[in-house]
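What follows is a single structure, and I will ask about it in a moment.
Residue numbering begins at 1 within each chain, and the chains themselves are lettered A, B and C in the order written.
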Amino acid sequence: MKTIFERSVEKRKLSLLPECDVPAVDLEAADRETPLDLPEVSENDISRHFSEMAKSTHGVNDGFYPLGSCTMKYNPKVNDEAASLQGFTNIHPLQPDHTVQGCIGLMKEAEKTLCEITGMDRMTFQPAAGAHGEFTGLLLIKAYHRSRNDLKRNKIIVPDSAHGTNPASAVMAGYEVINIPSKEDGCVDLDALRNVAGDDTAGLMLTNPNTVGLFDKNILEITDIVHKAGGLCYYDGANLNAVIGIVRPGDMGFDCMHINLHKTFSTPHGGGGPGAGPVGCKEFLADFLPGMLPAGEDQLYLKKPQNSIGMMKAYNGNFLILVRAYAYIIMLGREGIPEIAKNAVLNANYLRVMLSGKYVIPYKETCMHEFVMSLEHEKASMDVTAMDVAKALLDYGIHPPTMYFPLIVHEALMVEPTETESKEALDSLIKAFTEIYDKAVEDPEYIKNAPHNTIIERPDEVSAARHPKLRYIPEDN
Amino acid sequence: MNIPEELLYSRSHEWVKFADDETASVGITDYAQEELGDLVFVNLPEAGDDFAVGEVFADVESVKAVSDINCPLTGTISEVNEAIMDEPESINSDPYGAWFVKFEGISEQENLMDAAAYEKYVEEEKAKEE
Amino acid sequence: MGSFIANTDRQQQEMLTAAGYDNFEDLFAHIPDVVKLGRELEIDRGLSEMEVCRKIESLSEKNIVFRHIFRGAGAYDHYIPSIVKEVVSKEEFVTAYTPYQAEVSQGNLQSIFEYQTMMCELTGMDVSNASVYDGATAAAESVFMCKDRKRKSVVISGAVNPAVIDVIRTYCSGRETDINVVPAKNGLTDADAVCAALNSATACLIVQQPNFFGNIEDADRFCRAAHEAGAKFVMSVDPIAMAVLKTPGEYGADIAVGEGQSLGMPLGFGGPYLGFMTTTQKMMRQLPGRIVGQTEDSEGNVCYVLTLQAREQHIRREKASSNICSNEALCALTATVYLSAMGPEGLRQAAELSVNKAHYLQKELEKAGFAPAYPDAEFFKEFVTESPVPPERLMAELEKHGILGGLPLEDGKILWCATEKNTREDIDDLVTLAGEVIC
């Protein structure tokens, strides 16, 4: 596909802006001297270019996306319509409170509803993503310990199965990371936890169900151990889809948490963003929350908490994303929210059981919303790896599951169907996986060279990293 | 598996070439580069940095992973090999020529193995994997 | 109740049976009762799509949408071409995941590659990442790019947007960082004080262009001073202004960041916005976040892929320099389409129109009795005036006519903004009303 720069023809342009109706001003300040090399194209060129690019991008609208830990559920279009209302898009973030009663009202309602769903007391909508939320939560924990003059707590406990953002966020918040090994069943090793929990523990970061898709039954004991040692517990909300409406993080002993609106609450992934990672907390941490929180009854206003940790980004967070999530929540409502978890878990177990004939599923008990497959055996016997099977799925128009995560399972493929996939879609995945396995036995080279039907073959990632070409350069092409 | 006779080896697969009692150069072995796969970048320390036995003094990146390189000695970095930063592929093609750093003022070393002992050690490692 | 679950009750039962469960309770039986909620959520009942629309619309109607906006301070009302909205609504772009599987994401990856190229063109720098959450977090992340074992302090001009300074403080509150904000002088960075503040422990100096007050800084001196102290020079820039002003690349800056919202994103009460980060070839590997690179596939076809991933959290974990996982992909796409639609001439036009309108507004306001606060400084599209009346009174009057006036500042001054969207007539109306309030 040509780049937009290669479609450029000198002097082509659109007719977007009017003539100037005021005197022209010649600035004295130093001018830009380097030519500005942006594409010169017509609107038709743009339309065709991006249509071509859209056709080479696999969206949820194109097919199944069973990505473990990503919750790629269907993105309802009514959410997008809500977020396009001029009454939201044309609002300046620094308008006076009395002119944004609708925005503050939506934030207030959303906070109330999400707190009820998660078992938290207050919530900030400033964080723009899950990792951003994690960083926020850890700063809350830090502020809490500081406020009690408990300054020796400099360690955060993280299980080795955790998502990479967990330890990275802890380091950003100035903590040292203590990794604890998981048991054979993928759950937290209570003894290992007891060993490291002490008076230098600031907190624990955990997700439940865990990253191998299992609900850790010892959760109350886990959070209790940390609390008794004087630390706080942070819930990574990435897996909330498994338990929403059925179990609440606040009832499992967590003190603060983030929600991924772009996972559990159906806001679209946008090809990698924007998302939103609101952070909820129990009352005792509420005073430290960042950004502005809704306050007031009839006349609403925004207020920064007394001992706020500050600002996680300028303004009010990804508000238009919150609008989408709010539309989703009110549409599903009291009855619809728990149905999410029920069907997410059903769909995952259905797949797990139906695939366990041909593939190795290391954890054999009832899974939650996702489960892990291991291709270790196939690698050893046929030299067919998780990567190979994943690439072979592309030929079926199915986006591969998450590869090589969590790190505690070798040659892992993590599958999360979500509740919005139909039985037909699940059956077609089972069929694809089955055919790939059979083909691998018969002709492993074919699978090792997959995909065969996509617009490109496997890219050379080694060269890309050794000799990075990170922008278009006219002379090169 | 290439294991030059004249070098000494650590348990974490670094090679050490002593110029005299207090100076040496360090790199990673053929076994190590094979296990790591195609290397795309290496992060080296700076001349003047001090390291003790067991400390991480560098790391190497492949496309999907980062691996720490542990220090087999206690001493001060006298020189770093900038060339391997520009051409990390040389670590894969010539692991014993692609030295990472040179040490001076060496006061301690871990129990290094000679070529024969290292060869045996590598066999054991390989057996463990299967 | 709304639902997006396709499977009917009968299908659900079929699947339960096939998987070996009697009912849904069975599926959740292994979860201890003591942690289960065990009751209905205390939230409203679900709604049909039509009811959802009505409810959200009535919420949005409680907001006042100003027809004429003269307020900036980091979020700007620039014209958004229709083609932009069209392209960024394409379902593939909206619903796709992060392009980890290159073979089915070439469109997404190529659009980011084009975005990176355009941001380099705008700022004059060598390398761009795929974007971060917003301009303020971009500035904060740039601090971490510059910090090392010996240099842990940051000098920030007090003429930088206070919200950006706030975010930098919050970001640095976890790790040992000495933040020195040098108060602005006469609406500009206090050059003498800044130079005096730079020393051998300074990791970087951060200056905004145009600055928070709208004034244009002479960044030459700061760049030289920073480099002489062995520190990095970071510029936070307005992307529209880059069409006409000397770029960070031309100044010799090490890092150029900024807020990309002006490039086709609506005001949206604060987000989602777009933080761009660009730097020199030398500092490429210090960039946080995703980066797309060009490569070839096994058949020699040009293609694109996420690269330099070994910098990122999913590989480095606690050794990563940043925890960032997402980029604002759809917003980066928005900027790409916007810049394609505007082209070099269109962007220059948007910049020049904004400058011209702002200067016209300033002159007329001055005639009406609003004296310029920093008459000696040259401004771009924003400027500060004194106010002969309490700003709240002025704003209330303007509000009655659908006008959002400039931002009242803490010291009783007002920060005004004009862009290509404000016509001469709108400006004249504003000035007339403002004059009336004084009388």
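As a working rule, a residue touches a chain if its C-beta (ideal position, glycine included) is under 8 Å from a C-beta of that chain, and two chains touch if they have at least 3 such contacts.
Only a predicted model underlies this, so the values are computations on that prediction, with no experimental measurement involved.
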item	value
A-C against B-C, pair bridged by the larger set of C-beta contacts	A-C
Relative to chain B, chain with the most remote C-alpha centre	C
Middle chain, criterion being Cα centroid separation	A
Between chain A and chain B, centroid-to-centroid distance (C-alpha), Å	38
Rounded Å distance, chain A centre to chain C centre (Cα mean)	20
Distance between chain centroids, defined by C-alpha means - chain B, chain C (Å)	44
Residues of chain C engaged with two or more neighbouring chains	308-310, 315-316, 319
Multi-chain contact sites of chain A, meaning residues that touch two or more partners	461, 465
Multi-chain contact residues (two or more partners), chain B	40-41, 61-64
Interfacial residue positions of chain C with respect to chain B in the complex	285, 308-310, 315-316, 319
Chain C partner contacts - residues on chain B that touch it in the complex	40-41, 59, 61-66
Chain A - residues contacting chain B, complex	404, 461-462, 465-466
